[in-house]
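Heads up, the thing below is written out as structure tokens.
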């Protein structure tokens, strides 16, 4: 057919013999105009939505932009700001005033970020954050060398030492104590099997960090008290053992670190928890909450998946009770009630109490995330582990948990974002997080009556951190899904 | 998990408790049980010692003493002469109210934003992304405070409504007043209230009022109307399926079944509207939706709505593209495709996380104290604890309330999950 | 800092039965730091400045006690407390002294088991309204919307005041002073009520203070003072007499400027006893002889503290009023140092 066609065409004088050059599409069907037509004005409803959106954007920008752009950066107090404003733009009225007074940020940015942390020591929290990021990097990006995981293990102790300062031997000895317990577990698991190895590891920790003689004496006291036996006779005799062994060698870890310190005093200035504030406080509470809650979360998740009814029951009760009550109630519990639940005389600072409560709180959420990871593993993995003759702990340790934890990372990051945002609730128990500081700054006569500038700054900082983290977790999620399909 | 092993030839030995897999799990459980119980006893023991050291007792009698403080928003009768128990009830109702309202609007907002985020319209899509990311990545507390502050700053004060050339005026035919103390809307009142009316001493006319019985009757009649309407509809469909002809006027019958009885009840009770009026310092009459309620409600809905939008988006994306293509091949309009094909399938993915968002919203309503909304945390867990010094008892009750609410919501979630789960074989 | 905080924490959580509530003085001296509870921020009374130093009228009390006990007015850890957390913080031993404009009431003293060591500010609950409302008395406030700070005695006083005058009102409870101020300025409430000192402090920072009036009615007595736990009388005595020393110093004309030499040069036996150049009052408290001199040297006498933080020369501009010395017609009346 095409041949016939071409013949007639060749014979006709009115038919072109050569091809026309390709023309550009009409201006309405290409380039930005086409894009605009298709994306913004493809139908009446679409056009209406576009116009409404544009109007909304205009209204918001028209109200906010001049206020922000003409803001005043250089002033010592709100009143000075107002004077400068009147000078520059003539008198204005209204509660907020016509322009922003960013000077408050210049004056107080260090408090909003570091709290009362001594200003000559700012390098320490910054370094701690850097170490923290390098420490978690190999966990988050598996293309990085696995050797970096050693840094990950050392990271909590290093960060702790940098943030709180004091003698270096304390964190080192604590790290060594944990390492020792880990070695015990590792060595014994070949000999006695996983469960007993873990129990022995816990015993080793107890022995290293607590005074075993006092511990046994207290338990004796308590049991005797419960059954109504004679008072303190038995435990008193037991306590006298301590005199025989010298009295100061227990608990082992503090005693050793004290000894080392007296030999080789390496230390940096100590900083009290109360001096933490602003975003530093939010980061410290959020990060330690997540890191400390990981082990507990794994145990709870395994407990909830367990075949052992009682253990499963306890895990479910714990998780549901924690999740069923708002964080703010738990924080008030930390502030008002934790003292009631601890032995008389034990009292530690509010920030540690908050970290304990936040750890318990996030462990329930982490447990649910990891449970999701455990459930998402194909059944064959469990069966494969069983068929290799691995016992429960071996199969968990070698096969199940490494995979489950890996696919749980996006969920863990989301939990962390939620926790990081929720740390602002500590303002209600009198800790100075960024919002707490915004109140304290307003209590200064210089800045009484300033709102939006502080809120915008705080919101922006939170947004940058959380948005970055959520982008990461989305990236990881996409990567993981392609891995599996 | 227990592997089959040959039964041991000899009798039971104690070491079997540790080494025989048949008994070991029982041993572990018993040990764990005793450890947890010992821990609990230890905690309780500490509490007893600490309480007696502080000279306090454990006693809920404070609930029956006079509260002495006032609550602005009360759904049940309350005055400062009422008991702390009553104050707690008022707080509980306020919590439930804002949680209920929040869940509804958050769902609506979330569905709209989630669908619009997938819209082909570039600007709308971006705008929704900004909304979702903005709310998801900034703490709720900050949003609550900011929204409260914006409302306070941008709305007119009641005294702006005063005078000849007032700066502000009421809207919707002088019936609704929007002020920075809240929104005043007309209230439905009855001149022949079932709860009885007080009589104006001068004119002898009944003063219109509303009682719980009136509203309950009205709601009951409307609900019954819906059932009747549904019944009419089902019967019409049955007829249509049997005969092929849908009986005429079904729509009007259905509408009538809902509207007529309600109108009859309204007329019988002598319903009128009580309009808000500027009197003294404030508007009086009508229903006062306080700013604290509105700000909290808004903030909770916007915040949770952003999360729901993500859930909805993920749910829609989880429906395979073939479904959309198939329905357009059948000639369905895009809106039908969404309503009849995509959303019903997406629902199965959407509902479980949606309900856990409802749970979060309910828990987050405890941030009410940032705007001075008197929820249960502010009454029972705030002023009451503070005035009586009963923090242990108060916090226990408060935690118990939240836990119970969460458990009830989770219970419904589980029932729903089981009912929609794909029946896999 | 022999042990790090972390190890201290571990040691505290260990099942070591700690010595039950040892003497606060010994604890503070061993720690080297006084833990003092203050507000999370109240203009003029306690707020951190740009350098992170706490300043204010209540803060001065903390510093004076630290100077008396530890010899260093900067050896204070300021623990911000909210209206809800302050009493637990004190009861649990987290703080040694609470100087957070707390009203001395019967039930707080007796039922909550605290000991008020004196009164450092005589206050009363007042009302502030915008001038344009034309209200001149609190009795004209029927139907008004009232902003109050929660977690204080204020809300109970308010309920009592309106009930006893047969008036109705709409309470708007607010968590912090700063938020309450914003609500009030925007007209979300007609009236702001809190302690009169707070009203004056708040009004002073408005863009146009003259547009607001503080009504003449004072509806309650609010004796504000520092407090300690029940049961440690030695510590209570130290706090009480440090406060009294500040008040007496003003009466006796001892200031931070002359405290160094007046003890030796004066003939007045009471000044000599106060400053430790005569007698052994310090030893009776378990402190050294010049405890009071240190406190006065560190923060000044009561009058200096008042003028420096909330007095008429500051933006807050409070008059002495009831808080003048008894010799000037006020209520400040320190018992004799003898």
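The letters A, B and C name the chains in turn, as written, and every chain counts its residues from 1.
Heads up, the rule we're going with is that a contact is a pair of C-beta atoms (placed from the backbone, for glycine too) under 8 Å apart; a residue touches a chain by one contact, two chains touch by 3 or more.
Everything quoted here is computed from the prediction, not taken from an experiment.
Located most centrally within the structure is A, per distance between chain CA means and the overall CA mean. A count of contacting C-beta pairs for B-C and for A-C identifies A-C as the more extensively joined pair. Taking the mean Cα position of each chain as its centre, C sits at the greatest distance from subunit B. Our note on geometry: subunit A versus subunit B, Cα centroid distance of 29 Å, whole angstroms. In terms of their C-alpha centroids, the spacing between subunit B and subunit C amounts to 42 Å.
For this pair, subunit A with subunit C, the centres built from the Cα atoms lie 38 Å apart. Of all residues in subunit B, those that touch two or more other chains are 53, 145, 149, 153, 369, 385, 391.
Contact of a single residue of subunit C with at least two other chains is seen at positions 20-21, 84, 88, 175, 182, 186.
Counting partner chains per residue, subunit A has residues 95, 332, 336, 339, 342-344, 428, 451 touching two or more of them.
Chain contact summary for the complex, subunit B toward subunit A: residues 1, 25, 28-30, 32-33, 36, 42-43, 45-47, 49-51, 53, 119-124, 127, 133-134, 136-142, 145-146, 149, 153, 363-364, 366-367, 369, 377, 381, 385, 391-392, 395, 398-399, 402-403, 405-407, 410. Partner subunit A is touched in their complex by these residues of subunit C: 1-21, 39-44, 46-50, 52, 77-82, 84-85, 88-89, 92-94, 175-178, 181-182, 185-186, 202, 204-207, 314-316. Of all residues in subunit C, only 20-21, 83-84, 87-88, 91, 111-113, 132-133, 141-145, 150-151, 155-156, 158-160, 163, 169-175, 179, 182-183, 186-190 touch subunit B in the complex they form. Per the touch definition, subunit B reaches subunit C in the complex via residues 53-55, 68-72, 80, 145, 149, 152-153, 157-160, 180-181, 279-282, 284, 291-292, 369-370, 372, 374, 378, 382-383, 385-387, 389, 391. Across the complex, subunit A meets subunit B through its residues 35, 38-40, 42, 46, 49-50, 53-54, 56-57, 95-96, 195, 222, 307-311, 314, 320-321, 323-329, 332-333, 336-337, 339-344, 392, 417, 421-422, 424-425, 427-428, 435, 451-452, 455, 458-459, 462-463, 466-467, 470.
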